[in-house]
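Take a look at the structures listed below.
Presented sequentially are two complexes of chain A, the first with chain B as partner and the second with chain C.
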Partner chain A sequence: MSATILLPGEELPSDSLPKTKKGTLTLGPGLRHIPPTSITATTSGSISVDNKKSAVWLENTNGRYQPSTGDLVIAQVHHGSTDTYHCALTPQTPFALLGQLAFEGASKKSRPHLLSGDLVYARVSRAVKGEDVELEGFNSATGKSEGMGQLKGGMVFEVSPAFARRLMMGSKGGVKILEGVGEKIRFEVAVGRNGRVWVDSGNVRTTAAIGRLLTSSDENAWDVEEQEKALKKALKDMS
Partner chain B sequence: MPPQITTSPLSRPDGSATYTDALSTVLAAVNGPLEVSRRDELPSEATLEIHVRPAAGVGGPRERWLEAVLHAVLRSVVLVHLHPRALVQVSLQVVREPAGGGVGLGKGRGEVAVLPALVNAAVLALVGGGVGLEGMLSAVLVAVGGKGELVVAPGVEVLEGCESLHAVACAAGGGLVMDESTGRFDLGVWGEVVERAREACLAAFASKGEDEAMANGDVEAEPWMRQVLEEKVRDANAWREST
Partner chain C sequence: MPREAEPSNNAKAFLLQALRENVRLDGRAFDEFRQIDLSFGDEYGVATARLGKTKVMVRVSSEVVKASADRKFDGVFTISTELSPIASPAFEVGRQDQAEVLLSRILEKTIRRSGALDTESLCIIAGQKCFHVRADVHVLDHDGSLVDASCLALVAALMHYRRPDFEVRGEEVQIFDPREREPIKLSMQHQPFCVTFGYYEDGSVMLLDSTLLEEQCREGEVMISMNRFGEICQIAKYSGEPVDAMSVLNCMNVALEKVKVFDKLVKAKLEEDEKRRDVGGLMAELSAENAR
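On to the complex of A and B.
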């Protein structure tokens, strides 16, 4: 597989547009449309096409996490105000807003009381350029939490946004660590697209060991073999 | 000799790069888009903040001048309207400069000599940091020797004996975005310099097809900037091949 690589400013070749009968074309990250007909890259990356969704985007690993609607993120509460919590998604960026009632079963009388520093697994419900990002701690369409909500205990580890994305892809992402550890040890994990992984195994030693496996796999770009080797060693140390 | 590049040497910033050529070494780091202070906020576009740190000591008027030049150059390629009310921060640390900041080179030469390295390092870091760019950009230093010969990307010995020195940056379309010159020269020489510099700049990120057209002449035809950036994308997607 050798996809075409584009550099900033280069035009998307028309033969790499998705081949569908669908009338609309979705442009993903790294591309912009200059009317009337040219599509150019804004950053470097390899062209990826999804024919079913009629989408085309640039696959790259660079840069800071940019919130987009529907992303699952791990937000850290910075402070609360009358009806919202102000949460940090990435350092040095404006706070995202999380409604105090945007949790499963929350009402004016009973709602989760979060303090500064608390972690929430949330979804980006609104991300418009130049405006505040909004989060929700439950699926507002169904009213169910679907795994979202406050994260109690455990530890958070920082990884690159690209690695977090691979973790969320499951077995397709080429990261075997979580499955490998899960065969031996019981633990909970939440992966946020903003480059944060929360791990809780009820035991600080194993939690830290799992986190260390993930962060060093990200930093050293381990392939599957190296991951398995490190995993074996870590499991031996843990038991 | 093509310049030596390291992509992402730093882990904390969003994008970083080191650039080393015959004269200077520059370490660049890019962060953005970030929250911008009220004072610097622009309602319709991103604020671009450039910091230049010299190899020794603290920055002075010289660094402020370099920052001003770089601000104009980089603003012409960064898609500032994509991130209104945000901040894009570019920090450049000069690690090595010709003859210790140009002290032995004559007035103004050290500043002009380090400019291309600063521009190239900043562009590489911006691409690495995923900041939206309008197009590619690269810069080159051209020296005019005593007999009127042009030397692209000169070494220190050429720098000491040259008549004039020109730092030129070109954007992808061939447009001139930076031209800082020092020394004695006339309009004819300057025109030749810009022509040669444009060739060299465009060759840095020429695609394989255009590459052969650039290969005539003794300009280094190797598209080093493209190679470095493509290599990085390939490395990032390497895990896909193995699964």
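On to the complex of A and C.
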């Protein structure tokens, strides 16, 4: 697969647009529409196209996480105020706001009490340039938690945002570690787009081993073969 | 005021639970260092040390200055440490934070005050001229064990550095360019290294070469500097829980082993570098023949 690389300011070539007739074109991160007809890159990266969703975006491995609406993230509560929690998505960046009532079944009387340093699996509900990022701990359309909420126990590992995205893509992302471990060991995992992966297997040794597999796969840019090799070795050590 | 991001409660609890079960997050043993990597630059006196993700570069340079009036027979040796935002966004330019004060104090005590560098050999004319050797410590990446990595890089850079040769004729001093005369190694009296021990669980767990996360969770630390003969240059324990005296004695034995490893590593790397620079002896250097 040969990827076309764009630099900031370059125009998206029209032949790399998604090949679908129906629906409107969706522009993902790194691209900007300049009316009437041109689409330019705002960062450097390789073009990725999803024909089914009629979407096009730029993939890159550099940089810190930039919140965008709908992303699932692992936020760390920094402090709380009267009706919101101020959460850090990435260190040294402005806090994102998480409503104290933005959890499944939360009411004024019963709501989760989070302390400074607690982790929450949340979704970015609003990310507008120049304003505070807003998070929610449940799906506000359905009122269901859908797996979001406070993360208790376990360990959170730091990976690059690009790797986190690959993890979330499942088998298409080319990371076989989670599936591979899951065949042998029972564990819980939550992947945040902000480059954090929370793992809990109930056992310190296994959780640490899974985390090590993930972080070293990210740092050394392992391909599937290398991942499987490391996975085999790690599973042998675990059992 | 920027500061290092606090680890989450989950991470802290997990790390401590793991230590209780004899597990370290990166799979190392408690007394195991991360991969140590030492490399030298093209110039003399530039050394870069890596301890896992921690990366420190030291550059040693020298100039001729007027000797100070009260130390007529000594040269000047200064160590400058500055933590810049390149290492971590928690460091700010121009503001000294605790990590920086600690780093410069320990380096000062370990290397300058222990007399590792023979400053008398830096004197050119007593009371008039001497060399000022300056070591700039640049921390390029911070993932724990800053002091250990900086100390290693600093000693390596000092051993690698060569000062220009000089000749005194009466009152006149002639400093020779490296091309005129081969520069001279600094005279080192010994090579001290620093080893930091982190304490957890009321001193029952002791870790070597902590990562940043481990540093943030530890209860106290003891920094021991010594040379390969086991001569202790300094012991520092600035804060944290009290530590049992017997365990400090134990630390010293562990530190000695590690220091011997450091010493060997630095010498091996210096030899390697020497070989790389040596183009093939005097004859090859004097030859005017071009490679065609």
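Details
By our rule, the second predicted complex is superposed on the first by the 222 of 239 C-alpha atoms of A that agree within 3 Å, B and C clash if a C-alpha of one lies under 4 Å from a C-alpha of the other, contacts with A are read in each partner's own complex, and residues count from 1 in each chain.
Note that a residue touches a chain if its C-beta (ideal position, glycine included) is under 8 Å from a C-beta of that chain, and two chains touch if they have at least 3 such contacts.
It should be emphasised that the depicted structure is a prediction, and the values quoted were computed from it without experimental measurement.
Aligning the two structures on chain A places chain B and chain C next to each other without any clash. Look at A:129: by the touch rule set out above, it reaches chain B but stays clear of chain C. In the superposed model, A:26 makes contact with neither chain B nor chain C.
Of the two partner chains placed by the overlay, only chain C lies in contact with A:212; chain B stays clear of it. In the superposition on chain A, A:151 contacts chain C only, with no contact to chain B.
When the shared chain is aligned, no partner comes close enough to touch A:51: not chain B, not chain C. Between chain B and chain C, it is B that contacts the larger number of residues in chain A.
An angle of 50 degrees, to the nearest 10, separates chain B from chain C at the C-alpha centre of chain A in the overlay.
Looking at the shared chain after the overlay, A:76 reaches chain C, while chain B stays out of its contact range. Contacts of A:92 after superposition on the shared chain: both chain B and chain C are touched. Minimum Cα-Cα distance between chain B and chain C in the superposed model: 6 Å.
Comparing the two complexes, residues 92 of chain A contact chain B in one case and chain C in the other.
Across the complex, chain B is touched by residues 1, 3, 5, 7-10, 30, 32, 40, 42-46, 59-64, 92-94, 129-130, 162, 166, 172-174, 219, 221, 223-224 of chain A. Contact residues of chain A toward chain C in the complex are 76, 88, 91-92, 115-119, 151-156, 198, 204-205, 207-209, 211-212.
Of all residues in chain C, those touching chain A in their complex are 2, 4-15, 17-18, 21, 23-27, 89-90. The touching residues of chain B, when paired with chain A in their complex, are 11, 14-15, 31-35, 77, 79, 82-85, 127-136, 172, 205, 207, 226, 229-230, 232-243.
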